[in-house]
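Common to both upcoming complexes is chain A, partnered first by chain B, then by chain C.
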Partner chain A sequence: MTAIAKSIFKQRWIWSYLGMIAVWLATVTFTGGKGGAEIITAALSFATFTVIVGIGQMFVITTGPGNVDLSIPATIALSGAVAMKLMGGDNSMLLIGIAASLACGLAVGLFNYMLIRILRIPPIIATLSSSFLVLSTAISYGRGLKVKPPQLLADFTTMQIMHVPVLAIFVVALAAFMAVVLNRTIYGRSVSAIGQNMRAAALAGINVERIRFRTYVMSAVLASICGFLLAGFSGGASLNMGEEYLLASIAVVVIGGTSVAGGQGNVAGIWGAAIFMFLLVTMLNTFGTSAGIRLIMTGLIIVAIITIAGGDKPQR
Partner chain B sequence: MLKKTMIALATAAVTLAVLPAQADTSGKKIALSNNYAGNSWRQAMLKSWEKVTSKAVADGVVAEAPAFTTAENQVTEQAAQIQNLILQGYDAIVINAASPDALNGAVKQACDAGIVVVSFDGIVTEPCAYRIAVDFKKMGAVQVDYLADKMADGGNLLEIRGLAGVFVDDEISAGIHQGVEKHPQFKIVGSVHGDWAQDVAQKAVAGILPSLPEVKAVVTQGGDGYGAAQAFKAAGRPTPLIIMGNRQDELAWWKEQKDANGYETMSVSIAPGVSTLAFWVAQMILDGQKVPQDLTVPFLQINQDTLEESLATTEAGGVANVEYSLEDAQAVVAGK
Partner chain C sequence: MSEKGEHIVALTGAAKAYGAVRALAGVDIAVAPGECLGLVGHNGAGKSTLMNILAGTISSDSGAMEIHGAAVAGRYSVAAANQNGIRCVFQELSLCPNLTVAENAQIVHPSLKGIGWRKRAEALIVGKLDEIFPGHGVGGDDAVGDLSIGKRQMVEIARAFTVTDRPLHLVILDEPTSSLDAVTAGQLLRHIREAVAGGLSCILISHVLGEILDYADRIVVMKDGKVVAEKPATGFNRSSLVAAMGNVVQEARIEARLKAEKKRGETPVVVSAIPQKQPDGRALVAHKGEIIGLAGLASHGQTATLLEIYRAASKRQVRTQVDGPVALVAGDRQSDGIFHIWSIARNVGIRSLRSMVRYGLIDPSAERRMADEWRDRIKIKTPDMDDNILSLSGGNQQKALFARALGSDAAIVLMDDPMRGVDVGTKLEVYDLIRAEAERGRTFLWYTTEMDELNNCDHTYVFRSGRIVADLSRDELTEEKVLQSSFEETA
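Our next item is the complex of A and B:
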């Protein structure tokens, strides 16, 4: 039994779950047990979106130092705007909307990789500059237009079974699938190998560029799926709806136990971290702290979780 | 009263042609320096600017009036932009500023170069600039006044604030708290930051809602009412009276509720067309007219009986808007 406990605590992702439980307990204690279950339902619904983009970001970060996708917010905005405008609230256009949304993600991913590979721009700069282009496209295309999502999409994204959001169930399944991809497929192992040492990976016969290409495209496509669902969930796309997912996508990856230096990814922790982040804001809102204190507390608690989780252990 | 004035203004803006060119300013160039374009309010603001200024240019009132928006909503970026505009020889710069004081250096440089600086919405504190400010405190206070009128017994309020650390957020919130002091039958039981964005508001409200007692009304800052309504619906709670912020989605939702169950509320915000008011004020100053350094622009309030009318003239995805004419600007300057 203690051996099992020991091996569990060695897992770095466990700390995001412990943080999550601690924050929830603190909130519920404060409210005197009121609303505990509803808070979890709300946390699940909103964490879902962070998890979707977090998974893409995790793969990108795992491919090694300097790899990060900063175009996620812009992709969310573009995908949501294009899909909602095309569908115009019509259920029968749902498939076309999904296709358009995925096409947006695909295009952004291809463009990002092209900047990184052909123009040899560092990923941070490449994805940041492409995000300007993408957001500008979204602005000129949508002009801030808020079109209601088709009823089917709105119903699906807000549906709950026994107070569990259906979307969350799907995304748990997605996370499980991606965990298998990361740990048990050649692609996933290659991502980790590249992140640990790109040269060694290349010498071992891994097609580094193909793996990086897939990873950036996957991240953008996941962001576009997130944009599509988020627009359905919140009653329409808005230009700034992706904004908060820039830092959130990176934060959940890091808090979830993935190594910022790359080479060591973790899917399970993303869920814990996403719920933790939501509950943290809820807790501080419930306590009625001012915005300044709330931001300081958020920063301190995140630093604390990362420190307790052990930070980056030297790999070599 | 205010409502009537605004309708009058709106009608005036639509029907009255711009006065014939004034020879004095026909060669002048006025630039708009804008710090952000990523939401529907700012988009409407830019659109109004374009619409009114392109007509003014065609009529020969001014030589040109382009709009420039910074990409990153950064003070340094906007300061650099203002310096560029100085070098390019504009006669007046109209600013929606990223910060009330951090741009003062660049604004002073512009003034020293003999350029007229008019700030609006996001105003600058540099004394040499003109300010077209909104009485944000009052915008908060009228919400509670309205509620006091509607609910004599008072009750619990949920406050949705804007972007933390921004001047406008502090002002509106201060106004709301003043209103609550004036009407002690109300109590603010929760306060969240919705960043003036409905999805952020939805998330924040959904988080705090389970821990709150019954909420009678939601006081807001605009752009967050629809998100709040979504959050209440998702939590399976009865929809409280939510003050709206003139966004089309908010008005459309209100109309839906009104038709379905007679839902009553009010909506208040600044018309994005305030950019055109700033344009005319700049033009008047260039024309040599006397303009006070500090002006106040009325806000646009929509009530139960004007809802349909406002909704009809507000385009999907937009914000209820009023574009100002030179006459309107003259009226504001005259303090009417």
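Our next item is the complex of A and C:
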């Protein structure tokens, strides 16, 4: 093996891409080469949303053990419902809808952080309980409503250039930007430092609370963006549209090579993992497996990928 | 050396490499019953690696091992070491912080089980603490994480000496006194002699050469992963020992430096701190360019005062005023200093990121430059600053933390007993560096439990029970005075 190949295989994120390719090949082999390109287009479309929330979740998880944002699904629901209702399908209200959606994310993020900081509630409990409050708000606000998104938004979220979803291109750019934020900015470095040793980080001159605050707010804002786009993509907001993103956001982070113990984040892997997750379900559907087998297989394959990729060799 | 077969344990040709770093290059070592073997050498000489092999926590790449004259067959492990009565007190403490002192004692004594094990474990460990460290002030149901590093060290040491069902033959002590103050260190060393007189064997690793010369029967000197000298302790004196380690004693230089007296108070005050428990208004005062010592027995409010000063730099405090950016050199490096996932370079650079930013992004070449500059200046022993921080020996990790603080923009550097596990040669170099930086206007606040280090300070404050009980100028500073102030209450 050449040195370059070796260094590539040392990267933990590479495994999510290898899994993605393997699953796609298996599917295409099964169908005899039919539908390979369509599957990729669909995977890109759906993975886009997982990636948006996965990035926020990745930063949260990287701030250390116990940090996780469980309010993502509720934020998605609230943001989608508020934005769709405000816009009422009117293109001219698009900017107001975006602003409202971002405001939702900002509010949820602030609230989460307030619970964690002022009331000293562990993040996992704080974000879980706030998600109940947020979801209740979304339910009472968006009761019985199925408002269509403005045509412009619907067109934008489903637009494709040569079978590549435009939204996916934007989110690839977002991921690249966030990778730079993680690896090359003081903020990113601080997140990693806090995740390894919060006490040492504070003693090395890092403002720990400011960093945690920004991270939780960012996660919620990304979730609200996801909710806004998802509502546009699926022809209107529904209160349960965020549901699947609770586990998906965590799974893509972990499969993508981010350390669950904190301190070591990875953006590139999130994309690979999100596509992998979609293709995995597609593959099992293509094979015609029953729902039970499908869940078992999904679980086993995820465990396998994490075991291979997460070969965290103890140092020294 | 005693004859073959009489050894508690004997290693021949032990070698171990971590990647490109050769920690051990073929070492022969043997310990006889009832012997205290002293082991000295520079940071990264391979002492800790050797001890880890004996303790079973790491396995050697090559070499043979005999225990009680019988070759060790198969995999040697911590359990096997324990089985054979070999215990180790590690430099990086190995107690579980979330468990109590008694529960930690039970971990190495699986025979403490059934109803009432907790009581028996408590009796065992507290009894041993009483025996070694009278007046230790540790309770059996204290959570280890709440204890100061000195007390944790005492528990770890006492635990190593406890005996239940299996006989104890050899206790390995890796830098046991580095986190202890003068009094408890003395208690430990006396206990070692008693235990050795009773037939137990000890391996004592220390950078305090006086301890080794006074308390060891035989001394082994290591350098660059090899044994370079081995003699009865009587065959060495301080300077021949230092010479064997590969250093020329630089005491003359220290003397010369001490003569360069400065008048106090000619520069502006940069730190003024009244400890939380201080009943009067007595404050610790540091002027620009001074080196201020914080002395006294371990954990009597020195660290707390330093942390208070650290906080005051970013957030206004009532009792503490600080004028200028502050950096801290942690003494308890595992919990206060090291970022274990990162490379050495990143660990060094974290405090100075702001100066490395260009167009909003951290400039990797600036980080590289800082890392390389400090590798040379403070002599961090590594082939590559991009290697993981944990690939360094304990003392070299400490140097990286020094580099982090000294390389930063801090005008005031707080040092929390930072020389734990640092060898003599490095200490002298760091003292020089601190001197030079102080002359350039940096202020140092230096908590230390070692008298030698106080001699580097312009002014010393002695702490007892969280209060300042004495301040001594350099002329007034003597070991007697420091000890006397530390104990005034009981005296």
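Here is the rule we use: the second predicted complex is superposed on the first by the 308 of 316 C-alpha atoms of A that agree within 3 Å, B and C clash if a C-alpha of one lies under 4 Å from a C-alpha of the other, contacts with A are read in each partner's own complex, and residues count from 1 in each chain.
Simple rule for what comes next: a contact is a pair of C-beta atoms (placed from the backbone, for glycine too) under 8 Å apart; a residue touches a chain by one contact, two chains touch by 3 or more.
For clarity, every value in this text was computed on a predicted model and none was experimentally measured.
Novice: Consider chain A as the common anchor and indicate whether chain B and chain C clash or fit when overlaid.
Specialist: Chain B and chain C fit side by side in the superposed model.
Novice: Given the touch rule stated above, what does A:S234 touch, chain B (first), chain C (second), both, or neither?
Specialist: Touch status of A:S234: first partner only.
Novice: Chain B or chain C: which reaches more residues on chain A?
Specialist: The larger set of chain A residues in touch belongs to B.
Novice: According to the stated criteria, A:Q196 is in contact with first (chain B), second (chain C), both, or neither; which is it?
Specialist: second
Novice: Check whether A:L78 is in contact with chain B, with chain C, with both or with neither, and answer first, second, both or neither.
Specialist: After superposing on A, A:L78 lies clear of both chain B and chain C.
Novice: Counting only touches as set out at the top, which of chain B and chain C does A:A175 meet: first, second, both, neither?
Specialist: neither
Novice: Now for A:V252: first (chain B), second (chain C), both, or neither, which partner does it touch?
Specialist: A:V252 contacts neither chain B nor chain C.
Novice: Of the two partner chains, chain B (first) and chain C (second), which one does A:R184 touch, if any: first, second, both, or neither?
Specialist: Second partner only.
Novice: For A:A204 in the superposed arrangement: first (chain B), second (chain C), both or neither?
Specialist: second
Novice: Between chain B and chain C, what opening angle does the Cα centre of chain A see in the overlaid model, nearest 10 degrees?
Specialist: 130
Novice: Compute the least Cα distance separating chain B from chain C in the superposition and give it as a whole number of Å.
Specialist: Superposed model gives a least chain B-chain C C-alpha distance of 32 Å.
Novice: Output the chain A positions appearing in both contact lists, the one against chain B and the one against chain C.
Specialist: In chain A, no position sits in both the chain B and chain C interfaces.
Novice: Which residues of chain A touch chain C once you look at their complex with the stated criterion?
Specialist: On the chain A side, the touching residues are 180, 184-186, 189, 192-193, 196-197, 199-201, 203-207, 259, 263-264, 315-316.
Novice: Please output the residues of chain B touching chain A within their complex, sorted ascending.
Specialist: Against chain A, chain B makes touches at 37-40, 42-44, 47, 71, 161, 164-165, 190-193, 197-200, 202-204, 206-212, 226-227, 230, 234-235, 247-249, 316-318.
Novice: Which of the residues in chain C end up touching chain A in this complex?
Specialist: Residue positions touching the partner: 18, 58, 310, 314, 327-328, 330, 335-342, 346, 350-351, 353-354, 357, 360-362, 388, 390-391, 404, 408.
Novice: So in the complex, which bits of chain A are touching chain B?
Specialist: Listed in rising order, the residues are 27, 30-31, 34-39, 42-43, 45-46, 132, 135, 139, 142-147, 158, 230, 234-236, 238-241, 243-244, 278-279, 281-282, 285-286, 288, 291-292, 294-295.
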